[in-house]
Structures are given as C-alpha cells and as structure tokens.
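To keep things simple, chains are lettered A, B, C and D as they appear, and every chain counts its residues starting from 1.
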Amino acid sequence: MDLLTHAFTFLYQIGDAFSFLVLSACGLAVVFGMMGVINLAHGELIMCGAYVTAATTRAGLPLPLGILAGALAAGAVGMVMERLVIRHLYGRPLDTIVATWGISLAATQGTLILLGSSMPGIGTPLGSFAVGGYSYSTYRVVLMVAAVAVLAGLYLAFNATRFGTLARATIQVPHMAEALGVDTRTVYALTFGLGAALAGLAGGLYAPTMTIVPTMGTTFIMEAFVTVVVGGADIFLGTAPAALVLGTVRALLTTWQGQLFGQIGLLVAVILVIRVLPRGISGLILRERA
Amino acid sequence: MPRTPRGSRLSALAAALLLSTPLAAPAARAADPIKLGVLEDQSGDFALATIGKVHGIQLAADEINAAGGIAGRKLELVIYDTQSDNTRYQEFMRRVLQRDKVNAVFAGFSSASREAYRPIVDQLDGFAFYNNQYEGGVCDGHMVITGAVPEQQFSTLIPWMMEKFGKRVYTIAADYNFGQISAEWVRNIVKENGGEMVGEEFIPLGVSQFSQTIQNIQKAKPDILMTLLVGTAQASYYEQAAAANLKIPMGSSVNIGQGYEHKRFQPPSLANMYVTTNYIEEVDSPSSKAFLAKWKAKFPNEPYVNQEAENSYLAVYLYKQMVERANGSTKRADLRKVIAAGDVCVDAPEGKVCIDPKSQHASHTISLAKVDEKHAISFPKTWDNIQPYWLGKAGCDLTQKDPMAQYTPSNPPKP
Amino acid sequence: MSLAMTLLRRLEGPQTLGRGPAFWTAFAIVIAAAIAYPWFADGYTVGNTAYFFCWVFMALGLCLIWGYGGALSFGQTAFFGLSGYAYGVLTLNVGAAYGFTLAALVLAVALSAVMAALLGYFLFFGRIGGVFLGIITLSVTLALERFMAQTAGPEWKIGAARLNGYNGMSGMPPLTVPWFDGEIVLFPDVALYYGLLGLLIVVYLALRILVNARFGNVLVAIRENPERAEMLGYDVRRYQLAAFVIGSALAGLSGTLYTAWGQYITPSSMGLTAAALPVIWVAVGGRGDLTATLLGTLVVLGGFQALTIYGSQYALVVMGLLLVVVVLAAPDGLVVAAMRGLGRLRRREAGR
Amino acid sequence: MTPLLETRALSKHFGGLHVTNDVNFALAAGEIHCLIGPNGAGKSTFFRLLLGEYTPERGQILYAGEDITALKPFARIRRGMSVKFQVPGIFPSLSVAHNLEIALQHHLEGASLGAEIRRLLAFLNLSAAASERAGNLSHGQKQWLEIGMAISLKPRLLLLDEPTAGMSPDETFATGAMVQALNRDGVAVLAIEHDMAFVRQIAQRVTVLHVGRIFAQGTTDAIIADERVAAIYLGETDAPPLRSVADA
C-alpha cells in the first residue's frame, strides 16, 4: 500500500470521527456554551431528528428534506421543552441536569411504547468510491462536509445576524440586554431551540447509517459531552478544535489498539483536559489571545 | 461455604419469626394451578427481541389450558417486566420464588441477567428455564436451557461456509462474554477445519460507528466474515459496511434469528449473510407454518417470531412433559429424575427437541438461513438433532454432580 | 444520663430537620415498628426491604456530598462497583470462614475510601466544581464500566476470582457473622434485615452528628458560598474532600452489601442508568436533609418497584416525569416539602 | 516598626493589561486606611492579590514581616486577616445566627459561642433578625452581617471592599461608627471606598490607585485637596470606561 493511500485512509478516519463528534456535540455546545445548561436529553433530541427523518423519507420525501424536517421537529420539541421545563430552572444548573435526565428517561421509553421497539431503516444513499484498494461510503464524506458546513453556518448565525448579536449580548450581559429592550426570554428560547434543531440535524444526518431505535441517543451522548467539556464554552474556538483533537486521538487509538481503547481514551482525555484546562480549549485560546 | 443458618440464638429467632408468619404453604392440591413465573424484558434496550418470548409462553399456556392443563392442573402465568435491568431480575426472581411461589421460572435474555438471577435460583432452590441462544457453558441443576449454544451453531455453519467460500476467516464480535466466547469457538472450529483466522476484532457494546473496522476488514481480505455483534447500536455496522461496498459473505449465530435485522434494515445491507438458527418464522415446514398461523391468530401485530420466541414456546411443552412423567409432581428433584432418563423430547415447530441429561441443554434442528439481495430468506441446508455436546464432553454431568457454575472452553470444568 | 443528653443534643441542629421530643418519639416508634416488622410480613417482603436498605447508604453518602457539600457527583456508582468487586475478589480468594466476610466488607469499603481520596484530591485540589465535577465523576464510572465489561477472558482474574466481564462476577459468599457455636449467615430475609437495619440506624445517627458538628457547619457554608467559607479561614478543599471520601465510602458500603445480598456484581451497576439512580433518590426525597433522603430513597425504591410490577412498561415514563415535576414543583424534595407543610400546619393549629 | 501589611513591587496583568503595576504599599498596625480611585483603577484586583485569590506575576506580600505571597487564602485568614466583600458574601439559606456561628466556631464552642453570637448580633443591630434566613435580610443588613462574620475571626487586619455600597446615609454612618469602634480595639482597616463622606468619616490615610499604580498617598484632607486626584475622577465621570476583567 502506498503512502498516499495510507494518508487518505488516516485522514478519512479522522474526518469520520471529527464529523461524528462535531455533529453530535454542536447542539449541546450551543446550549451549554451560550446558556450554561447541561441538557442530558440531548441524545433524545437526536433520536427525535432521526425518527422524523426516517419517517418522512419513507413517506416519500427526498432525504435532504427529510433531514431538514428532522431538524425542525427536534427544534420545535426543544422550544416546547424550554418553555415547560428549562425556563424555570435558569441559574440552577444541577437541577437542570436532573430534570433533563428525567425527560430523557421518559422520552426513550415513551418512544418505545408509542412507536415500537425499532423503525425500519432508510438505507445509505450515494454508494461508494474506491481509493487504493479500499472502498469507502460516499455518504460519510457528505457527513464530513456537513460538519464543516454546520460550523460555518453557526459562525455566520452568531456573528452576522441580528439574532446572533442579541444572543451574544444576552448571554454576556443579561441585565444590560434587558435594559436595552431585548426580550431575553425569547432569545433563550430561540437559542435552546437552535441547539435542539442541531441535535435533530445530527440525528437526521446519521439516520441513514444507523439502526433507528429509541435508545439510539445514548450512542451519541457520551461523545457529545466529552467534546463539549474538552472544548469549553465557545463553539468555534472550543468544540471544533476539541472534535479535531479527540477525533485524532480516537482514530489513532482505535487503529492502534482497537475500539475499546478508542472509547476509554476519550474518557481519560476528558478527565485530563478538565484538570489541566478547567475552562476547556476555548478557555486556553481566549486566555492566550487576551 | 455454609448454605443455611445453623445453631445460634439469632438464627433460631429468625427461624421462629419465619414460622410464625402465616406462610407455610399448604400442600398443593390437584386442582391448584401450576404457576409459572415469566421474567422478560418488555421495556428497555432488549425489548425488541424479547417481547415475543412472553407471547410464546402465553400461547403455549393457552393451548395447554385449553387442552386441560398439565396433569389436570391449569397453568397460571406470573409475568414481570424486568426492564433490561439486572437488578430487576434479582428483585423479581426473589419475588416469584418467595412471594408468588411459582413452580418454575422462565427468565432472562442477556447472559448478564441470567448470571444475576442464577445465584438466587440456586439459593432458594428454584427451577428456571433460560430460553435463549447464548455463549454456552452453564452447568447448573437448577437450570434448563432451551436456547442454542455455540457448538450447535458454529459446528454446522463454519465448515459449510468454509467449503463454499474459502478458508480465510475474520471475526468481529461484541466485546463481552458472548462475543469473546463465541469468537473462541469460531477460532477453534476454523482451526479444526484447516482454515486461517486473518483477523479478530472486539467491539465494545454501544459502539455505533464502524469506519475503522470496515477498513481493517478490507485490509485483511477475508473469505468469510463472522459478525457476532450484539445490541441495537452495533447493528449499525451492516448499514455502514454495505454503504462502503463491503461484499464479503457474512456468517453469524446471533443476527436474523434474534433481532430480525433483515426485516428492519433497508436491503441489501444484509445480503449474503448466512445464519444458523434453530428457528425463525420463515422456516418452511408444515409444523412451522401451523405454529406461525396459531401465533398470528393470537398476536396479529407481532413484528416477527424469532428463535427465542420459539424456544420459550417449546420450553413450556418440555416442562409439561416433565411434570406429566413425574406423575404431576413439580418438585425439582422429581423433574430432574425425568430428565436423567434422557428422553424428554417434544415435537417443536422447528422439529424434534430433546433435553441432554448431562448439561440440561436442548438439542435442536439447526437451519442455515441465507439472506439475499432483497432480504428474502432461503434455507440451503438443515441439520437434524444437533446436540449441545460440549459441556458433557468437557466433564459436566448434572446426573452425578451439580457445580452450579458457568464454564468456557478456556476455563472448562476441573476433573 | 448527661452523656445521653449531650449525645442527643449533638444529633440535633440547624442542619437536620426534625428535633425535640416529638421527633425522637416518632423516631423510636419507627424503629420499634421496623424491629417488629418481620413478625407481620412474609419472607419475601422482609428480604425485599433489606434489599432496599442496601441502596440507602449510597443515597446518604450522596446526600452528604451533594446536599450538604454542594458538589454533585454523578459517579458514586464507581465506588459502588469498586467495593462490590473488591468484596467478590477477597471472599472468592479467602472464603467465608472466621467471619472473613466482615473483614472483606471493611476492606472493600476502605478501598473505595482510598480511591475516593485519590480522585477527590485530583478534583477538589484542582478546583474542579459545578457541572464539571459531575461530568468527570460520570466519566470515571463509565470508563470503569466499559473496562470491566470486556474482562470476560480467562486472563482477567485476581487470584481465584474471575472478573467475568459483562456477565458479572458471582459465587461470592453472603455476609457471615461468627457466633459462639457456629456462624450466622446473613442470607436475605430476616437475619440480613436485622443486620442492615442496625447498620442503617448507626450510619444515620453518625451522619446526623457529623453534619450538626463543626464539620457540617463548614460543609453547608461551602455549599452556600465557597469564597466566603475560604475567607473565614477554612480550607475548602479539605472539607470537600473529606465529605467526598465519606460519601464514597458509603457508596462502597452499598456496593458491598448489594454484592453480598445477590452474590453477584456486574459492570452495568456502574453504567449510565445505575449512575443516575442515586441522584434521583436524593433529589426526589430532598437532598438538603439526611432524614428526607433516607425516607425519599426508600419511597422511591419501593414506588418504582411497584410501578414496574403494576405499571409495567409505563414505569420508566412515570419515573422520568416524576423527576421533572419534583425539580420544578418541589426543588427541595418531596419529603422536605411534606415535612415543612406538616410543620406549618402544626404551627397553625398551635396558633389557634 | 515593621508595617502590618506591606507589598513590594507587586504586579499582576491579564493578557497585556497591567491591572496592578509595581505597587509598593504599607499599612501600619492599628491604622484605618482607605483605597480610592476611579473604576478600573485596579482596587479589587489589589484586594484579591492581598487575599491570595490571584497570584501576582511579580513582587511580594508581607504580613507582619512574614512573606505570605505563596500562601492560600485560608492560610492568610488564619494569620489574622479578614475580609468583607463588595457583594455581600453571606450564606443565604442559613439563619443569621448560624452564619455567625460558622465564623465563630474557630475559637469558641458551647455556651460561650452562644453568648458571643448574641453580643455580635447586638453590635450589628441584628438581634431581632437572629433566626431569619440571611438571604431575606435587607441589603444593608447583609453588609453588616458580613462585617460581623469578618470580625468574628478577631482579625488584626480587616479588608473592606466598598462596605457601604447600596446603603442609605444613616446606614453608612452607622457602619462608619462600627468600623471606628473596631479600630479602637486595635483592628487595622484597609477599605476600598467611593463614598467620600464615609472616607472622611473614618480614614486616617488615603491611597489613590490609578491604572494599576499608586497615584497619590496622604492624609484624607491632603488627598481631597489634590487637584490631580479630582482630575482623574472627573475624567471618569465624563466617559465611564467599560468594566474591565479586573474589576468584575
């Protein structure tokens, strides 16, 4: 096998791990970074996105629209959740953890009761391509592109739109924003909705590649948390580099020692990073910049 | 290790307390129903494969009751949902044995759940049926195991596949007892048949992303891929492998027959998979068709009748025969005497099934199921009367001695 | 007599609900009822109650760490599992003779205390707090779970004890108390019930003394305002560490008792679902008070079990929603809310 | 005579911003000293350096002749320093008496602890609120409670960060009287203060901080008369600078 193939396989693996981490974490990062809320029901929002995507696609909608529907549905569910529960718990982060965990429990089992123990899959589109004797799923490359696109989109949303400005103002100096006539409650609700929609988007994007079951959220949640914690509060300076670092760590460990070490390595990484950088990678970058 | 409290003031007090409560059960009269405890996961991770097990037991019980019961006694089911949670098995196993005082228990999907309740069954001298395909090796006089074990599934599947596709074998397996022990079986049988293991990879439970694994397999270029993946997360492998255009013939002991992946996944992700199973609803025989018709009449919404559902169904009939031959006794000792005779057999939907007296495991008719591009099933081969031979050969003989332990090929019974 | 009075005074204080003759009379009645209980219940019910008692220690420990110290540990199950496995390894190697199971119990709990001291040093002396503490402790327990799950192979053994991977370790003896003319095996049912009841009373009263002492004062001060506590000259890190070690040792005690009860321990007792349970018990009962946690844990355990028996598949949905409702409507916990309501009612009665 | 508190070339910067720049400062035992300066002058950072919440990049802090630069905050407190924060630092869900008990339990217990709590409550005008939740007190009462906790430690040096912020003139005056009473018992006081009336009431000496440096130092009257000091304050009132990290 020549060097180029080697390099490509390795980059493909890193890209694959990176896109999984970014997509599963970005919704959580928005909610945690902007609002300081730890949403343990994040995985169930991903599941919601996947279910809606699978259902609409099977009903005849083209896949991209199905994914969009999944994201919107999860976003709507997120807004409702914010209105009914999260809103009453601002400033009580530990209680939020407990409450969202309760939601997660009820949502998983409720889905099982309502929709059965599994949903038929929709199949991965776009086929495969070959490089140097290996074949790869084309759709996986689409996922990598989607991860980068989501990051870019978020950057624009927070830096070039009125909502972004208001959101950042609200989060940084809430009383000031309020004094300036910003409806901070709406901003919080929208931010949470955005985070939920991103979760739904992740679910929708991965729906064609996975078994669609009520418990599928749990396969995302740990990775999402690790990425957000390692990244710190800032999505662009934190989540993205964290996903890159962790993706590389995981790809290396998995190649070298198998999946178990890939998994445990992630957990050890999070412990070490918190110890060394209590505010995550973004904390480090921001400090250096200041 | 002392098994009963003896000679002390406190334990005497305890015994007195126990006796003073009105729970010394009156001797069973002929008209009393026979109670069967059913502990299966109707919610949580495993519910997908196990709801059918409860239905199988209900179907058998209804049929038996309609035909007059067992030795004139009706069957009564005591059903609990164990929520895919080991601690629930522990709690409810105590409950069915102590409170409900069932005569036998039908319990457990995952091996962990079985190991969780087994000490309690042993301690309280219960009698339990484990109706699940598993990694094998349980040598316990309190247990009857009706599910297929690796030697039954692999000694049939692997030689057949190696003959057809080639001798280079790659295994991916769930990284826990079932996967590791099954992989050990694959390794041994491949070697016995002159094949070569070109790779082995263990995947932690709950992993859902397989790009690296797919690449490793491509690199090793096997003729046969054994997929011993477990759980809904790991099932994502097939979709991802198909998307990466990995077209190696797959063999498995656990897919299709348990989680009916061919029904759940978009074709052709499972194309070219070969599975040995003692039953699936596609099995094309008159007894199977009749069974399926009865099932669909009672449970029209059943998504699939898998091998564990059939195991559970036939287990009730095995129990019926034991009790009838023990002249209506439900005592464990009496039933084990019947088992020791060596001819407890029933005509199950799959064919004839008998209990091996040494290991108290069941012999099976093993069908080789092939999945095609459209996910339709065909059966290129069927083996009759495949014995669960390993435990007996390795030295487990429950007619002589009851070690109440689980063994593995690398950790066999000590002579 | 004066000693008893001093002791009683130490049991009361601003950190615990319930004081005065009324409370202690009720306490005595409850204890008497608990002692008489096996006369009136069947073996299963008594054994099942003893099983519930096994878990309460972990809840009380978390109550100390979270409710009093303000540090939410999501990973108490790590110590639960660690001690459970330690008990298994010790007793499978040495056996149950000469009351060794009791020594194994102590050693297993001590192991958790030592591991908690190491982890706690890393956490608290590294000034890790808030949600990060929760995430790290959760990571620790999940990493342990994933590691233990793959130890099925024969190479994973400590002496005669095979770790046995995801299927779990089994075959360890139950707790055995040496007695004059033989020994008492604490099988589930009555013997174990009395053993655990005694232990529970001792631990509960000891914790009451602890939280009402200077130590407890400082602990709640840290929960309320760590900076102020430090500026009163307290080394916040040490107090948090001490609470964490005590609480984790109690989690270890639960794990050991559970293992001895079922003669079985498995990696999934350190998994995500298991890890969240103590948080639920403590949150629902009332994290700010030991008595509330004790009662709440028993109520939740019994209630969820009953739900599973009678509500079948709706049990998890109800549990989840209950959690949300409690956090929203009774943030101090149901038992605390009920106790306060009762107190208010009584005052109104008295005022009339 | 050795000063009670002394800093030598103390410096701290955040990124490129020097919030404490080469500060040489001394405080005599028994003195009441006020620290003033416009917002962003670095007063709070200086306090946090003294307390050990921030670590300086350069320089030393000496307390009664001992180098305490590397000591943790609680260790400094145990040597006889004590602090009252700008935002009242109390234990909100505990009772007022309980708040004081936590501060007093270092050196008292049993009956004498109870007696001291009662004495302090009277001194702080909080006797009636003894069993009230501390979080329910008025702002001024919270300030007093925190002063009470700070002096419970029997400090030799009391650091006060804007002790009268948010107080009515009457409350401010009463607070001044409290500080002076403490000082008569030998407690040295270093106070950050904006309210010049209060400064005039209590201060014996005043130090003006500006952009992290000592800008002026002297008696209260001399500082008030200094036009340059007035100028930096005027500069501030015209265009209030954004709150910097240092002051937050």
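One rule holds in what follows: a contact is a pair of C-beta atoms (placed from the backbone, for glycine too) under 8 Å apart; a residue touches a chain by one contact, two chains touch by 3 or more.
In this text the structure is predicted, and so the values were computed from the model without any measurement.
Steps from chain B to chain D, minimised over paths through touching chains, total 2. The greatest centre-to-centre gap from chain D, using C-alpha centroids, is found for B.
Of the two chain pairs examined here, A-B and C-D, it is A-B that is joined by more C-beta pairs in contact. Once the centre of each chain is set as its mean CA position, chain C and chain D turn out to be 43 Å apart. Chain C has its Cα centroid 34 Å from the Cα centroid of chain A. The set of chain D residues touching two or more other chains is empty.
Those residues of chain C in touch with two or more other chains are numbered 146, 150, 313, 315-316. Contact with two or more other chains is made by residues 43-44, 175, 202, 204 of chain B. For chain B in complex with chain A, the touching residues are 43-45, 47-48, 51, 175, 201-204, 206-209, 211-213, 215, 218-219, 232-233, 235-236, 239-240, 242-246, 263-267, 269, 303.
Against chain C, the residues of chain B that register as touching in their complex are 1-11, 14, 17-18, 20-21, 23, 42-44, 80-81, 83, 85-88, 90-92, 94-95, 98-99, 111-112, 114-116, 118-120, 123, 175-177, 180-181, 202, 204-205, 405-406, 408, 410-411.
Chain A contributes residues 9, 12-13, 16-17, 20, 109, 112-113, 116-124, 126-128, 130, 133-140, 208-211, 213, 215-216, 218-219, 251, 254-255, 258-260, 262-263 to its touches with chain B in the complex. Here chain D touches chain C in the complex through residues 51, 53, 72-75, 77-78, 82-83, 85, 89-95, 98, 101-103, 105-106, 146, 149-150, 152-153, going by the rule given at the top.
The residues of chain C lying in touch with chain A in their complex are 66, 72, 74, 122, 126-128, 130-132, 134-136, 138-140, 142-143, 146-147, 150, 272, 276, 279-280, 283, 313-324, 327-328, 331.
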